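My questions will all concern the structure given below.
Chain IDs A, B, C and D follow the sequence of writing; residue 1 opens each chain.
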Amino acid sequence: MNEKRERALRLLRHMIGIRRFEEKCAELYSAGKIRGFLHLYIGEEAVAVGAMEALRPQDAIVATYREHGHALVRGVPATAIMAEMFGKAEGCSGGRGGSMHIFDASRRFYGGNAIVAGGMPLAVGLALADKLQNRHQVTACFFGDGATAEGEYHECANLAVLWKLPVLFLCENNRYAMGTAIDRYQGQTNLSVRARSYGMPGEQVDGMDVEAVATAVARVAAEAREGSGPAFLELLTYRFRAHSMYDPELYRSKAEVEQWKKRDPIPAFQALARGQGLLTDADTTAIEAAVQKEIDAAIAFAEAGTLEPIEHLTADVYTPARTA
Amino acid sequence: MTRDEIRQTVLHTLRTIAPEADPAEVQPDTALRVQLDIDSMDALNFFIRLHEKLGVEIPEADYPKLNTLNECVAYLAAKLG
Amino acid sequence: MPSLGADMEAGTLIEWLVKPGSRVKRGDIIAVVDTEKAAIDVEVWLDGVVERLLVEPGIRVPVGTVLAIIRADGAAPEPAAAASAVPPQPAVQVQPQAPVSSRPASPPPSFSAASEATGQDRHRASPLARRMAQDLGVDLSHVPGTGPGGTITHTDVEQAAARARMATAIPREAMGRLRVSPLARRLAKEQGVDLARVQATGREGAITAADVERAAAAPRPAPPAGLAAAPQRTFAPKTPQERSAAMRRAIAQAMTRSKREIPHYYLALEISLERTLKWLEAENSKRSIVDRLLYSVLLIKAVALAAREVPEMNGFWIDDGFKASEAVHVGMAISLRGGGLVAPALRFADRQPLAELMRQLRDLVARARANSLRSSEMSDPTLTVTNLGEQGVDTVFGIIFPPQVALVGFGRVSPRRTLQASVSADHRASDGHRGGLFLAAIDRRLQSPETL
Amino acid sequence: MSAQRTTYRECMRMALREAMQRDPRVFLMGEDVGMYGGSYAVSKGLLEEFGPERIRDTPLSESTFVGAGIGAAMGGMRPIVEIMTVNFSLLALDQIVNNAATLRHMSGGQFSIPIVIRMATGAGRQLAAQHSHSLEGWYAHIPGIKVLTPATLEDARGMLWTALEDPDPVLIFEHASLYNLEGEIDAAAGAVGIDKAIVRRPGKDVSLVTYGGTLHKCLQAAEQLAQAGVQAEVIDLRSLRPLDAETVLASVRKTHRAVVVDEGWRSGSLSAEIMARILETAFYDLDAPVERVCSAEVPIPYPQHLEQAATPQPPGIVAAVHRVMGRHV
């Protein structure tokens, strides 16, 4: 019994952790502490939390500029991510990448990427390397529905199927490519139908149901680990806030947003878990307190962070010559 | 560098300062200033050229340790490790 | 006013959705703001009650401006009457980092600000700067002050002097009109060749290095360059023996003419080098060997600066008249290996910083002592210095190199760290009184080495 | 050791075979590198020897197979990716610039990307504008990658292994006109250094600075100039990034004159960068303005007489040298 309770607590802890972290980011951005671009994951938490539940530490992750949630669940410390957005040297990318470029080599987290579909070929390559060195592990490549309009997506899908590479195409379909609704830029809006035409499994999953996501990803990951080649999952989800901080959201109605908020993955999972007798309200209160402490610590760590000295500007353009 | 290589470098540098100094005849243990016509400017140029060739820093306080050829070689050998 | 975008610097409040007394909770939209891109909702980040709205709709304010004051739940209410000493922390606004704007944080002290700051005394300058301005002939009113409150520091003066030097150093005739390749210009400067006299053969009428070499080799008309320029050479001495014999003849001729024609008077003064040498040791400890200074270069700079104060020491006696020289080129007597003497000039010695003088001196001495200094590489001094201290001589009473009118001699540094400075001067051009002032000026300079 | 008669193409193939034999992590990927034997026949025979897993023909998806190469390098392999020509590399620019060149610095030093990307380049075979580009100068503009231009048999034989051992991305540009270059090479010739220029012909009057496809045109021009009593020093840059400015400057300080020969278009070209470095540090050694010989600023035309007129040739190089020597030409 407690093994199932453990899992429920973990899933809820991750989802609430992301939600509060992203809310705090919005506040810090309007206070001028976080600069540049900021893309929040509020509403889509179930996808990252469900998917990570099914992946293993040795699997590789390639994500996009909306990657705070994936990084947090993968284990990248909130302190390192916050310091990165404050541009501090203690950030997870040395303060050089910011919100869109979170990297953690030790956790095989191959980053955010600001170029739509820019990371996809890397994921195919990482899977190629795994296959050539016959390591039974997978590469999970997260991307939005917008990326499926990029040439690279079509090239990657074909190559992955051609060479039967262990890469999972996890499409977070939140129905908008920035300001353009999917039916205004895709001839075929059911992305999994098109994916199947490349010769790989493709199916739609309720991206607001963390259990559904975890189950689906676990299945395709297991098959890929055994060499069946790539798979495509279309996770139907929705972002509750603007594409980024400078977006007046003229392209969708407030009513539509309210409609989707009724299917908020966090209260949905709380109700389910309470129904199964796994969690109580006290658990939620404890989680909220722990998350608040974690976020306050992250901000203090980021505030106390240092700026990289100008003299280090050119460090790491190239790998330092290994001394003999 | 070997001590002999250092000695050759010192003698070669000496010739650029005092062209008439024949390496064979330079007495290793008598003051260079005495044997050859070397004034303070020549000495400074001599030390600067040694610095440029061997990458060795020679503080003013060490000048007295470099009076003769052998002293120069010993001093430089110690510095070059 | 929240920062709502990467390039947003200000916003215009369109409307308030709340009024004083309204209850708000975290996430509520309390106002709408217009930016260059579009109207955007403004969120509040905590639960509380609106106390006061500080900005009227329609007003454009920079990012970070406080728009309203909200009392967080549980915080003490703002006293109704007088504004409290410390206004309650404006809940709406987390203290923002100063928005990074393209303009520098505070405008650099512009020239005008400097002069206003100094009020009626337009030349407020540090004593050292004032003294250096006088030495380097710098007009303080044209010098922007970068010191506290716009005062003029000695580095400001030094930079102003350097700028002036750049303008005057290049002979006027080479400005603008002549096309000269950089290499040709460098060689002309090194060999003291007057570019105006050079026949150009390069493309589009440019003077090339070869043109300068040719001009340098051609016999020089007047005035005879320092001692080293042998009399009209009928034959170029080839073997070393021929060369040293020719030089001996030239020295003999000049010395005889000097003794015959110039009524020398001789003065000497004992100068303490205690402060000079202490400064030099400290200075050298900071420098790498390549930039190390010798005390002789301090002596030369002191003589050059003193020569400016006593112009009768600096120039030529020609056609029964003294022609003062505006520039100060100090010749340095260098004894050649195996006999002979040359006295090439360090040009503009009074205006060169010590490091530059040392570099030129080291180069000239090195090449002279290695017998690789061609006569064409030597230019004409306006007075000469001879330092026989290393030879153990106490006092030098030298012979002036005609047509110059003064020769400064320096003896050895005594154990009490003093030395005998002497001047041999041409009585036709100056009297003993002026010679004495000259030696005193040299002494005064050596007592404040940091101004050299 | 015995010298053997061979070609630039065979030298590159020997380099590929040796790399594949020495390091199991090395594999070759590109369009028609396997079954077809390589569009310039460089990889002929390698598929039979090493098999389809390590000699991988790819679909025409430059962005993806270059990006996959980068990903595989991050995954522990040592890929050699062949883009048929620099003209097609434009489709992979985003992967090369935004991933390969940038990931290390932007991630705070967490990744090295040990990949070698080879591509043919240059004009001269009447392939018209879209197939005749010379864009090495573009890539030499980008911090985070290295750019090599082997122009001799020794460099074709020796640069690849050193490039593969480099932990950072290295691009190798092979001028299409060089594949048939014949000559002698020491049978035991092996890896060579990749960051220094080499003086291919000493001279005292003028420095001819060039690389890749125009090296042999400069050597021809130097031969003709020698008859006219002008000793031209020919410098082969070999690496465009890092640029060995020191060797160029040492030569210019000696000759006091320089002519830069670069097949790119002059505006914003590599020749502009080399001239800037000469002016920055050897200004007072110049006895005449630096000259350069570049392609005419036109899309390279198809007909041979126009293609020859549009690209640097020996007569144009000789004329530039006369101008810089001050002779009224």
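Please note the rule applied: a contact is a pair of C-beta atoms (placed from the backbone, for glycine too) under 8 Å apart; a residue touches a chain by one contact, two chains touch by 3 or more.
Because the structure is predicted, anything quoted here is derived from the model rather than measured.
Visitor: Counting in whole Å, what is the centre-to-centre distance of chain B and chain D, each centre being its mean C-alpha position?
Guide: 47
Visitor: If you average the CA atoms of chain B and of chain C, how many Å lie between those two points?
Guide: Measuring from centre to centre gives 35 Å for this pair.
Visitor: In whole angstrom, what separates the CA-based centres of chain A and chain B?
Guide: 68
Visitor: Compute the distance, rounded to whole Å, between the mean C-alpha positions of chain A and chain D.
Guide: 41
Visitor: Quick one: which residues in chain C touch 2 or more of the other chains?
Guide: Within chain C, no residue touches at least two other chains.
Visitor: In graph terms, nodes being chains and edges touches, is this line, ring, star, complete or other?
Guide: Contact map by chain: other.
Visitor: Okay, what are all the chain pairs that touch?
Guide: Final set of chain pairs in contact is A-C, A-D, B-C, C-D.
Visitor: Report the residues of chain C in contact with chain B in the complex, numbered from low to high.
Guide: 281, 284-285, 288-290, 292, 294, 296, 337-338, 361-362, 365-366, 369-371, 390
Visitor: Would you mind writing out the residues of chain C in touch with chain A in their complex?
Guide: The touching residues are 2-6, 8, 27, 35, 37-40, 42-43, 45, 63-64, 93-97, 99-100.
Visitor: Would you pull the chain A residues touching chain C in the complex into a rising list?
Guide: Listed in rising order, the residues are 23, 26-33, 35-37, 245-246, 248, 250.
Visitor: So in the complex, the part of chain D that touches chain A is made up of which residues?
Guide: Listed in rising order, the residues are 27, 53, 56, 58-59, 61, 63-77, 94-95, 98-99, 103-112, 143-144, 146, 167-168.
Visitor: What does chain C use to touch chain D in their complex?
Guide: So the residues of chain C in touch with chain D come to 181-186, 201-203, 206, 208-209.
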